[in-house]
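Each chain carries a letter (A, B and C) given by its place in the written order, and its residues are counted from 1.
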Amino acid sequence: MSDPLLQLEEIVVERGRRRILEVPSLDVLPNEVLAVVGPNGAGKSTLLRVIGQLERPSRGKVLFGGIPISGNPLPFRRRMAFVFQEPLLLDTSVEGNVRSGLSLRGVPANERQRRVEEWTSRFGIAGLRRRSARTLSGGEAQRTSLARAMVLEPEVLLLDEPFSSLDAPTRESLIDDLDAVLTTNRVATVFVTHDRTEALRLGDRIAVLMGGKVRQLGTAAEVFSSPVDSEVAAFVGVETILPGRIHRLSAGLASVAVGDHTIEAATELQSDADVLVCLRPEDVIVSGLADAIPMSARNHLRATITRVRPAGPYVRLELDAGFTLVAHITKQSLEELALSPGSNAVASFKATAVHLIPHRPG
Amino acid sequence: MSSRTAALGLVVASLALLASSCGGDANELVLGATTSIQDTGLLDEIVRAFEGVTDYHVKPSVGGSGEVLAKARRGELDVIMTHSPADEDKFIADGEGLDKRPVMTNFFLIAGPEADPAGVRGTASMSEAFKRIASGRTIFISRGDQSGTHLRELATWGEAGITPQGQPWYQESSTGQGQNMIVASDKGAYTLVDSSTFTVFEKRVGLRALLRDTEKPNIYSVIRVASDKHQNVNATGAIALAEFITSPAGQCVIADFGMEEYGKSLFEPAARCPSANVGG
Amino acid sequence: MDLIWDGVTEALRLIFSGDSYVYEVTFTSLLVSGSATLIALVLGLSIASFLAFRAPPGRTLALSAFNAGMALPPVAVGLLVSIMLWRTGPLGQLHLLYSRTAIVIAQAVIATPVVAALSTAALQGLNPNLRLQVLALGASRWQAALLLFREARIPLLAAAMAGFGAAISEVGATIMVGGNIKCSSLTLTSAIVLEVGQGDFETAIALSFILLAVILLLITLFTVLQQRRPPA
């Protein structure tokens, strides 16, 4: 593990009486993409602005390459680049915009042209160089903003929900291009988003920020499959969260009483009786009563379908097994199984798909 | 950084440029004059002539006699030219002014519509005429600004035993001499005006000179502001101007003024101009 | 009506005969009002960037004062400035009364609130994140201010024109502090008043037309500048 490029220490941001952000410690490693996810109002933008030296925290400090940042923030800003949710372009041509940071940072004139050409091609806007910024579409404008940032060859790239105001196909295309750029030019990036799939796609590590605090920091797998508490779980897309009690535990396998059922879960918990049982909807397999039961799955619950709702490429089912289970299945499966509200079915899932969180009731 | 200092530099430079234009302070002479002197154009002539023979830069401060005397009392003026004898005497008695000298005279007249509904033409005296205007309830426009003309007008009302203020036919225009005539002309009203202004504005308005006040001429005097009372008064300059305007040279300027355009002097100089044909 | 027509012909005659009185007076107006506008721009833009970008506490109160200042009666300003410049006043030692400088001061006092109020509104109209973006690109506070002024140039130029208009059309304060000294402190507006006072209506109307023409010319220039599309 190399030395962190950026370190946040004891950062607190207060506005009036409200504590917006409280981060005792956070590192950004060189060459990594750190995705910061959280619901709206969690303080993500504030965090990014503190890192980018655009906002002074009420307390705490930021270290850049081990050196605490103090005094005039301008030299440090000039080592980073920031992209906002809106393109925030200047009223000039695309080329003028991409150049703007270069002249501010005193990059030599001959170098400027080369960089502008390179980065406008890499973001696919080379043909738009002469166009006025006012005439660009949302996607073109955001590409310009990204090119404007990357052309500066920053040590740290800060992205504040750069795709949130774009429509889905534009967003897809732009994420692809950004992914390619970040893979080729490994630059330390802090990427803020409220969209989990974006975070999964681009992030090497993921920090979950809720209520101004970092609730969990880890790899995608760690955060998404093993959320540290119920709030994080809910945010990262765990849709079934049920209170239960462990009544037997041996060799990493727990038997948890949930309602009238017993659910088997693979866990590292050593003890403790009260838990929350977390289950991702994509891990729940639904079958008809008469169908063959998959043998490696240890959990099979009889349930009644209570709700069927199409959700994009899949279908979201709510099942009642004495408690509510949520499952995602394909449309084809829905038709093949002839499921509808009121149908009886079996919900199956593996013990390894179940994640237990210790739960302190009350 | 540099563009800010450039902008500030530009501002300072332009201020410096402006400040340096036209006159330092040792040669500055502030002359308080009443509006009739400016409105007739005589003030420009006097200033031009004076500056032609001296190094002084005259800065005229023009207003009604009331305003001029008030400013003089504050020491804001070096020398004044007014035509309000009662106020002038008080001014000197209060120790504010020195060395009052008569400069020129004209006379007051009542101007009014050709038709003369109040029958002012041919009345025996000014106060008689005023009585007729009051009883005929024809409109009278007053300067209303404590100027010399206004004070003379009020004195005449006093003589006639009439209080015109508040009466519906008595209106105050609060304007300068020339403007006042225009207002009166528009309304077909009577007004009191000095002869010089009347001559200048006569062709502009539909008023006629109905009665001249030959008994009490309108005397313009020059008074130096008391330099012992006020620190910054340019005493030498004031003396120079007072001397000039009462000297033959100055008096000739006054005598000549109006000759070309009107065929007569607009103002009668207090002393004779040796070479002039002084008309009536 | 014929008086107005006479005025127009007189105006043309005065211009083309190179009448020194008219050129002198026009030059004085332009010099004085131009300087006053420049001062108003420097002061007004500084105030505007402070209020718009730093958003200090009490901003609304300060802004109310400047907005009200747009409606300041010029003649009241003239009286106050002249009292300051009187020999007995605090700035009397500077001997500025009845000079071009005094007029510049008075007109600058009148124009600055106009420029400040309208410029603040112009800058507040910018996206608040734009300033952060510009700072993030590496601009110092000054570079950022200039960049943002360029972004807001349309309403800012309107503010400049409003300030200039306030200065050049002003007459009450000008007469009070400038005196009507033919050599130096007579502007187009005060000359118009003087000519009317002396009954020279044709000259007064001629000067009015010249003043209007000057204003129209300058404002057109500004407007063209304002509406120019940036190089695409």
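Throughout what follows, a contact is a pair of C-beta atoms (placed from the backbone, for glycine too) under 8 Å apart; a residue touches a chain by one contact, two chains touch by 3 or more.
Note that the coordinates shown come from a computational prediction; the quantities given were computed from them, not determined experimentally.
The fewest steps needed to get from chain B to chain C, moving only between touching chains, is 1. Ranked by separation of Cα centres from chain C, the top chain is A. Per-pair tallies of C-beta contacts place B-C first. Chain B and chain C have Cα centroids lying 33 Å from one another. With centres taken as mean Cα positions, chain C sits 55 Å from chain A. Mean C-alpha position of chain A lies 86 Å from that of chain B. By the touch criterion stated above, chain A contacts chain C in their complex at residues 49, 52, 54, 74, 77-78, 80-82, 84, 86, 88, 90-93, 96, 100-101, 104-105, 130-132, 148, 152, 158. Contacts from chain B toward chain C in the complex involve residues 1, 3-4, 7-8, 10-11, 14-15, 18-19, 21-25, 28, 30, 35, 38-41, 44, 57-62, 74-76, 176, 178-179, 200-201, 204, 230-232.
Interface residues of chain C facing chain A in the complex, by the touch rule stated above, are 127, 129-130, 132-133, 135-140, 143, 147, 150-151, 229-232.
Across the complex, chain B is touched by residues 31-32, 34-35, 38-39, 42, 86-88, 92, 95-101, 104, 142, 146, 179-185, 194, 196-199, 201 of chain C.
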